[in-house]
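Okay, so chain A shows up in both of these, paired with chain B first and chain C after.
After this line comes the complex of A and B, so read on.
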């Protein structure tokens, strides 16, 4: 009995061993098959990418030498475009070729750049971008706007204009930048309608885009009456940057605006665009302002203050804020030739702060 | 003309190479400032075209290195996306011979390169 059960046990153990070996072999075969399939797919991918890279290189090459083509070159270009167009149904290829054309377009200008736009249109890539404008995802929309802008497709301005007041900040930022990119100052007409705020960053970006354009005398003052305070602020920045002296009175009227940020921008603007009456405007509004705007006004008085403002400036020296006092003292020194003497006289008979400010201004002058 | 190009952007490299080779120049491409400076001795270029923003050594440092090595010759053209006045001035102060901002016109580059081609002038 014992012998039989031993044989039985040995047989079971042998069977288990066989199963284990078979399992390991099957596992190894699976692993090998997987590795081979992976390597094959990688190699196919690489070949595919090489083909795509070749198409992209040829298109960019043709764009660079667009003017130097002959009949044979034209035929080659037509066949490359045809091959590329067939591939545009593939999302990955589309992404690749669009990326390449965009990068090239960002780096080159002139006729080569125009050719890149033509290739983009000939491949029908703009249709995909236009379709992406309808996407529910904001980043897809923003990317599509950016793509159409970089590729200079000004034929779609109307479609892009609709996004300048989009509820998503990034979408409207791209659309607004696109308008300025395509139409320069004329493109700013979206300011007539936008209801969402223009962020500080966006204002800087728009001003930077405009700086590449020749100055234009477009009507800025209509935006001083905008219900969107950020539009008023941006218009004030435009007036300041482009030295629109004829707008002085309209700028001064912004000192009555209900938004303190608008008033602050108007004060800063008056530092650049001023007349003999500017100080009267500032003095007339001074008491209505909080400390931040009062300090800004005192600073502007250094530029616009005159002898007849001395009384007001001396009064500022009695305020608690040292910053206000410093600006007022500087303004007094600038306002008239005897401003310095008057200040010295005052410092002899008043608090230490004035004496310290006077020393500070002396050091500034010496430097 | 032997032209050494220092540019870290793949696409820009290709575009420069296409244009310059087509114009009949002997072109060597380097991928950063350090490689560009290292290849100066070996390649002995007649002209250097460099970007500014590059790894390891900037284009401005490449200008300094070229001018130190060849005080009398080897012009340098800067081809950069940075067009700010202070950067342009610094480049010229360091000895750069020309400055082009991106986006650039390949045709314009050809003309500017030709200005430095002594053999073509002769």
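After this line comes the complex of A and C, so read on.
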């Protein structure tokens, strides 16, 4: 009996195996068919886009050469807009025409740019974007914010403001960028409330957007006390980039911040915004720091160090880290005229590393 | 039941069980890969890399390119590296004791002079003969280091010592990079706020038959030769499916030695590249991860699916065999060095999932496959054809082809590098041919690699390349 049931079991597993092989082959055929269908649909879509491109090209042309428009031209434009509006019910067309208007808007400014915004509004595309702000998918929401921002629809600024502390990083990034795009430095007031970290990427993006604006003397120092360490870091970058010398003491007080990344940014900031007392601040905090921040401090000493800091800098030459020694030696050379001679004297009676560092600095100076 | 039948059943069902687990892994890899790739593509649609290209706030990057006997192509390759789009960049070429005239060519082409350069020897390396800088300000980003031969890992360690940036990118000097490759690779380091990104990798693609002009990729073509074409498929499978899936799980163990970016501080803290292994790329990533796990700090190894780096694949079985032999030895050496992590829950995903996966399905797979096929052939000749075992084999082969077709589909749906329909058809044909003309050879090379390691053969295995000159547009 046992033998018979084993044979039965084997025969079943044999059948399962054959079914599995057949299933794999069928799945393979399905995948290939899907791939073929996808490629065909793509090429059909491409053909459709060629037709739609005539509409988008005409709209963009009319926007660029708005001065050459006469009555006949305006009638043509009205009929093109009418035809395009009818097509906006088609999701693919909407996506296409929005994409075309956005990429044109990015490269055009002035009255032409305003015309593009008008076309965008006349086609009612902003209504779809506003609807997308309610989407549950983060990328649809973020895309809608981006679209409304690029198309300069500042009338919806209040709706967008609500997303500046959204739980999705891309949604809040786009909303924060929108605020800066619409309001410049004033738009940074979201920094007062955000609870999520501001990534380095976002900081670079915001600084880039701000660089297109005239400098402003807005109160940066309030953000030095933010509970969000990334906000403090961003504020320090603002102070550094916009040379806010009056904030020196507030920046120096960030050397006491509990977050080492904030302290590092404060050290870097002091390289640009410094007074006669900066080196005292750095020296006072030096021993509390880890190697990374100590190296950063030694680098800053090359800019802010003076003859009275020589003792401290000579002390750095006794540390184990060669990187610290290199920066300290550079700082010594910069700090006073006889720094070089003192270093040469030291190199004659000390370890090989100092002599090699000295040669390195000599080569740098010569280059 | 006779003992022969018992062994046969044990063998057959053992292989079946292994195949079922492998199938489950493939399914999971496919699913995770779709999720991660979708998420990446959505996120990437909001990224304007021009912002980073022009920003002075971009983190500094050092490119480390070790070169050994690359004389005929080195000038062009360095020119290509110098033309990459990135603001804060230094390019460090490490001449690893080349026996040809690589250094002389570089000196002449880039007006180099021997500079007094203090090297902070944080990682131990073979002696440096000299550090060269250019007297031409146009090439101020360039540093050339001449050192005694010590292998790729040693050369990279010299580069790590010399680099001044927080991040470095190691590349094979003969690779062709996309112009925005560094911008894309820098992004993961900048956007993470909760975890420290310790390394980031990008997709490496096969450049055989592609059109290259002045060190830049001009037109993507599918390789005309069968072996490189199958490797194209293999790379798509590995990068677009496997690595994306492991990235989703934060369990990626390998960043290709041909192109990857690393956090310099972590690399130095965990001792740099290991010159005693031929799989220095994988070993470093595993060691960095282990270091971070032991430190208890949140971290991530990032991977992006954009094709960023193009490399020449072996076009003969002889060179392919050497390469795969070396990869096998590298894998085993790495797994052996970090065996402490094997099913060790204190290493999290790394110990409980990534390491065991590599052990069972990367290291053991070719051995099981090799002895399985030998056993089956022996049984068929000695007793009778075991149709059940043959059926399992056919099933596994079909599964492999299915997985490859899925990879092709992912490629079509995402980056679609091979636009022509005949290219896709050729890739599908390659998927069908692979189990018969390519895979058995790769399995054989891996088995030989195991034997070579036992015999303590730790040679790198010469990689003769044809170079891209032949592919240049007329």
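Things to note:
We adopt the following convention: the second predicted complex is superposed on the first by the 313 of 367 C-alpha atoms of A that agree within 3 Å, B and C clash if a C-alpha of one lies under 4 Å from a C-alpha of the other, contacts with A are read in each partner's own complex, and residues count from 1 in each chain.
The rule is short, and it goes like this: contacts are C-beta pairs under 8 Å (C-beta built on N, C-alpha and C of every residue); 3 or more make two chains touch, one makes a residue touch a chain.
Everything numeric in this text was worked out from a predicted model, so none of it was measured.
When the two structures are aligned on the shared chain, A:110 is found in touch with chain B, with no touch to chain C. Between chain B and chain C, C contacts the larger number of chain A residues.
By the document's definition of touching, of the two partners only chain C reaches A:28; chain B does not. In the superposed pair of complexes, A:360 makes contact with chain C only, with no contact to chain B. Applying the stated contact rule after C-alpha superposition, one finds that A:98 touches neither chain B nor chain C. Of the two partner chains placed around the shared chain by superposition, neither chain B nor chain C is touched by A:164.
Once the two complexes are overlaid on the shared chain, A:65 sits against chain B while remaining clear of chain C. By the touch criterion stated above, A:20 is placed in contact with chain C alone, chain B being left untouched. Interface residues of chain C facing chain A in the complex, by the touch rule stated above, are 1, 16, 42-43, 45-46, 48, 51-52, 54-55, 57-59, 115-118, 120-122, 133, 187, 189-194, 265, 388, 391-392, 394-395, 398-399, 401-402, 405-406, 408-409, 412-413, 421, 424, 428.
Of all residues in chain A, those touching chain B in their complex are 57, 60-61, 64-65, 67-68, 100, 103-113.
Against chain C, the residues of chain A that register as touching in their complex are 6, 10, 13-14, 17-18, 20-21, 24-25, 27-28, 31-32, 34-35, 38-39, 138-139, 142-143, 146, 169-170, 173-174, 196-205, 207-208, 230, 237, 292, 322-323, 326, 353, 356-357, 359-360, 362-363, 367. Residues 9, 11-12, 14-15, 18-19, 22, 102-108 of chain B are the ones touching chain A in the complex.
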